[in-house]
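Below are structures written as structure tokens.
Each of the next two complexes has subunit A plus one other chain: subunit B in the first, subunit C in the second.
This part shows the complex of A and B:
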């Protein structure tokens, strides 16, 4: 199931504006962030940030437990904390196919405030710095030749071990996988036409070049060239017309200012 | 828990030659407090701890690991290495380490090695210094992923794919001491343990249960052992300048 609360709540964003104290550009206010959190996030992510809010019980994919500082969608290498901009990217896009909605209707400052607040649940943010983000070279462009090369890359790198030969999430190792929190997890079905986080080609690229921390999905950055990585993105995009459609819809969204 | 036992034992007696005391065995994993940082100094005339660990009681019969995927490459079954015991009871894959040492020899310069081979990790267990590099490699044609986690919290440390034979990658271990459990998600039976300490006084027992810890500054320490199934145990050990102590440690089969 999937719902978007995005359009429902712009009123509160205005309210929250008044409550916060001014902060340096780029970083949010923990104090105001707490208010945003209690209003919008607590029911799923829990008062202690343990991912066990009231609503969580009925969800197959559980809300993130923030206490370990483990975040799946990052531009930083495997093992690193995320950048604030990574968390903001997640808030803007939501996590497709899960209960995590998009938070576009919050103003940017409220998003930054709540990000500052959720970081306080893990002591790691006080003692560690995120590593430098990976470099994603520009997309050389979708083409049949690139898809053909990407098909070979998918084979060579054995993605099929988990995602299956056709990308449907049915490889030999697809069963009995667990995440860090002990919950069952399945390899993503790559034929769905979208990934969980984001509609851009770069969103697919970063998944296998940074890995999804806390899950079995590893990083391939140490073994794969960026040319191979782009061919692999195009191969994945060839598995469903949905990717192109979603990419265009997202671009149109941005044009009309829905993203702020 | 373990700390309490160690402290109680050290009140009783001091072992001049051999450390033979058999004190509590706990099944829980070792947890380390963040200690004051370790200080490197020249160790002249240090002592040696040259001991052995034996298993008492029969190791429970171990069913072979049933291989559930990639059987064409990994085979149908793999012997369970949890208890690796020789004919005289020597127990392999035990980490032996000092618990309360704050000064001494320098950290090992070489990275650790962790090899994915025949759908298992090798070595099964090893000690490490905090922040030490670990070189991870694969001899196998099937994909593996090397996914170390904090054994206590399950938090991912990193998760790197080894997509093909011959590939290797070197990564740093965490900056805090901890017990690390390494898994390969693709092959759920694959496990390894790395005990990360903030000093270099540790060893792993060889196939005959033997271990050696060298260049120990003279003094009284707590010598601790850890085995993945038999659990933990500790006892005081006295190391005299230029001398070798030969503790014989036993762990009861579980």
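This part shows the complex of A and C:
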């Protein structure tokens, strides 16, 4: 009897084949995205998308609460929703120094699906559209002179109040900061050789202009010139001992990632 | 019953117990990583313990996520890289055409097995140097042995993923892992099969699915979609030769994954693999007993083949089909003078794993069909189909609970193996098994 039952395996496989569902072309599938979310994201971000997953209480940097539609890393101006490509950028790069890993090993279809599902947590995505990305002028190039000017920009905008005089995240206000949800939040240590939202120079520049929504890091789009911003980028890069190596690795990753 | 008859029955029962103990060995999943990174088991396992793409990449990267939280000094002080895995289970096995004093009989045996446990210790010692140590055993016999122990050096040259080195005792980079498979009542026939002379011996104990001691060079692209692994090892249960390396053996595997952003096929993989395991066949002796390390006249067991994997539906909840084909050859001298020629065979398996797209992915359904067909019997007079085998397995697993600390699942499985001419009087022999267990790891 056992042996005969085995003959049914091909039939069983055929039924499963027929049951296999395909993702709709072009856009992500919310239904499949829910499964992707449950497989990879649920433990931190929670079933309700409120950042209260089972692991959240053990984390110094709390997982994002998706319900407000506010995201730290965006190419869009302050106050705007992010683009889908912005969310995918975070999935591809992770957030260095936090528990958010890179999900590069996932296929693009899964990333697309989970982005569609994550957007369902906030009603804003149903009623608003993201604004156009900010324009980033070309990097004039890293130089000692630019770093020196960047040092002055760092002082002018009082960055040391939070990030500390040496950029180590130990400024006078560092221990008083809270995010929009009332959680204590620590300014990023800029001397670790990585920047949380991406190691590319444009990633750093973008943070000055978009701010980090939901955190005390404001946008300087209305007050900081692009020249000052680039000098500040170079100053921050100068704080990282492994700057040159990390920048090259990030560039290589970005180039490879674009092909997937 | 005569004393001789009792002995035979006892031997058969002991055989069943051994089969149960060996086949129902815990598979590896390591919740120490789940604790460390606050991820559920599902992040790395397609269907626990089978790795998915993320898990494969994590393993290839030396158990590192590379976001500043990998090495031990950056982990929480309370973190301890140890996990425990146990699988209490009931297994019943029935084997036909067994010799007894009362004639040819079918014998069956079942019960809750003497479960062993795995202590899974793994992690990152310092950036790009990781480790795995797995003591296993602790059953009523009190035996404990190290199933795996290795150190892994990632990105050895210029921050490249294309050169990583593992040293120790480890599982070869197989087409389908025999330590992370879902089936518990049987093993991959292709990995362990040897042509045989009826009633004779085979010096080679090479089993692709067994962990081996040696050095492995592994390389992969950033997402582990193109991979290679080359191993040099000393085949297990070899007494060793008199050359510098102890019976040097080799294994290699090359894989390429293809992804599709539209349509029912989400991923496809092709791979080729090959192994050459050497065993010495002549020894110096002491009192007639071979002296370890004195062997010469190395003879090989070779295995080579290819595999194809297909993922239908979304990768997050796929129907995963794995087809593996292989050809094997054991040289004539491995049969200790009882063979007329080398023994050759073809074999393979088709494995299916389905993760139903239900909430929280609690279910997995799996099945496998193994085939062995002898090509050249080492004894010319033996029937051409002697020990040809067909085997199937069907099972399902329901995960009762996932967390970032542990996982517990119910496991049910049936399997059947049919081997030509190996039963009493040259009859075919069938082995049927059924198993229920609670698989938990914490």
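Following the convention adopted for this analysis, the second predicted complex is superposed on the first by the 225 of 260 C-alpha atoms of A that agree within 3 Å, B and C clash if a C-alpha of one lies under 4 Å from a C-alpha of the other, contacts with A are read in each partner's own complex, and residues count from 1 in each chain.
The definition used in the following text is that contacts are C-beta pairs under 8 Å (C-beta built on N, C-alpha and C of every residue); 3 or more make two chains touch, one makes a residue touch a chain.
As the structure is a computational prediction, the values presented were derived from the model and not from experiment.
Enquirer: Kindly classify A:79 by the partners it touches after superposition: subunit B alone (first), subunit C alone (second), both, or neither?
Expert: A:79 contacts subunit B only, not subunit C.
Enquirer: Under the stated touch criterion, which partner chain does A:105 make contact with: subunit B (first), subunit C (second), both, or neither?
Expert: In the superposition, A:105 touches subunit C alone.
Enquirer: Could you let me know whether more residues of subunit A are touched by subunit B or by subunit C?
Expert: C
Enquirer: Check whether A:181 is in contact with subunit B, with subunit C, with both or with neither, and answer first, second, both or neither.
Expert: So A:181 only meets subunit B here.
Enquirer: Quick check for you: in the superposed arrangement, does A:113 touch first (subunit B), second (subunit C), both or neither?
Expert: Second partner only, subunit C.
Enquirer: Who does A:217 touch here: subunit B (first), subunit C (second), both, or neither?
Expert: Only subunit B; A:217 stays clear of subunit C.
Enquirer: Subunit A residues touched by both subunit B and subunit C?
Expert: The overlap between the subunit B and subunit C interfaces on subunit A is empty, containing no residue.
Enquirer: Write out the stretch or stretches of subunit A touching subunit B in their complex.
Expert: It is residues 68-70, 77-79, 156-158, 161-162, 172-173, 176-177, 180-182, 211, 213-220, 222-223 of subunit A that touch subunit B.
Enquirer: What residues of subunit A sit close enough to touch subunit C in their complex?
Expert: On the subunit A side, the touching residues are 2-3, 5-6, 9, 12-13, 16-17, 19-23, 25, 29, 31-32, 35-36, 38-40, 42-44, 54-55, 58-59, 94-110, 113, 192, 194, 245, 249, 253, 256, 260.
Enquirer: Give every residue of subunit C touching subunit A within the complex, in rising order.
Expert: Those in contact with subunit A are residues 37-40, 42-43, 53-54, 56-58, 65-69, 76, 159, 221-224, 259, 261-264, 266-267, 312-319, 321, 352, 354, 357, 359-361, 365, 367, 369, 390, 392, 394, 403-404, 414-416, 418, 430, 432.
Enquirer: Residue numbers of subunit B touching subunit A in their complex, please.
Expert: Against subunit A, subunit B makes touches at 69-70, 142-143, 145-147, 149, 153-164, 167, 169, 171, 185-188.
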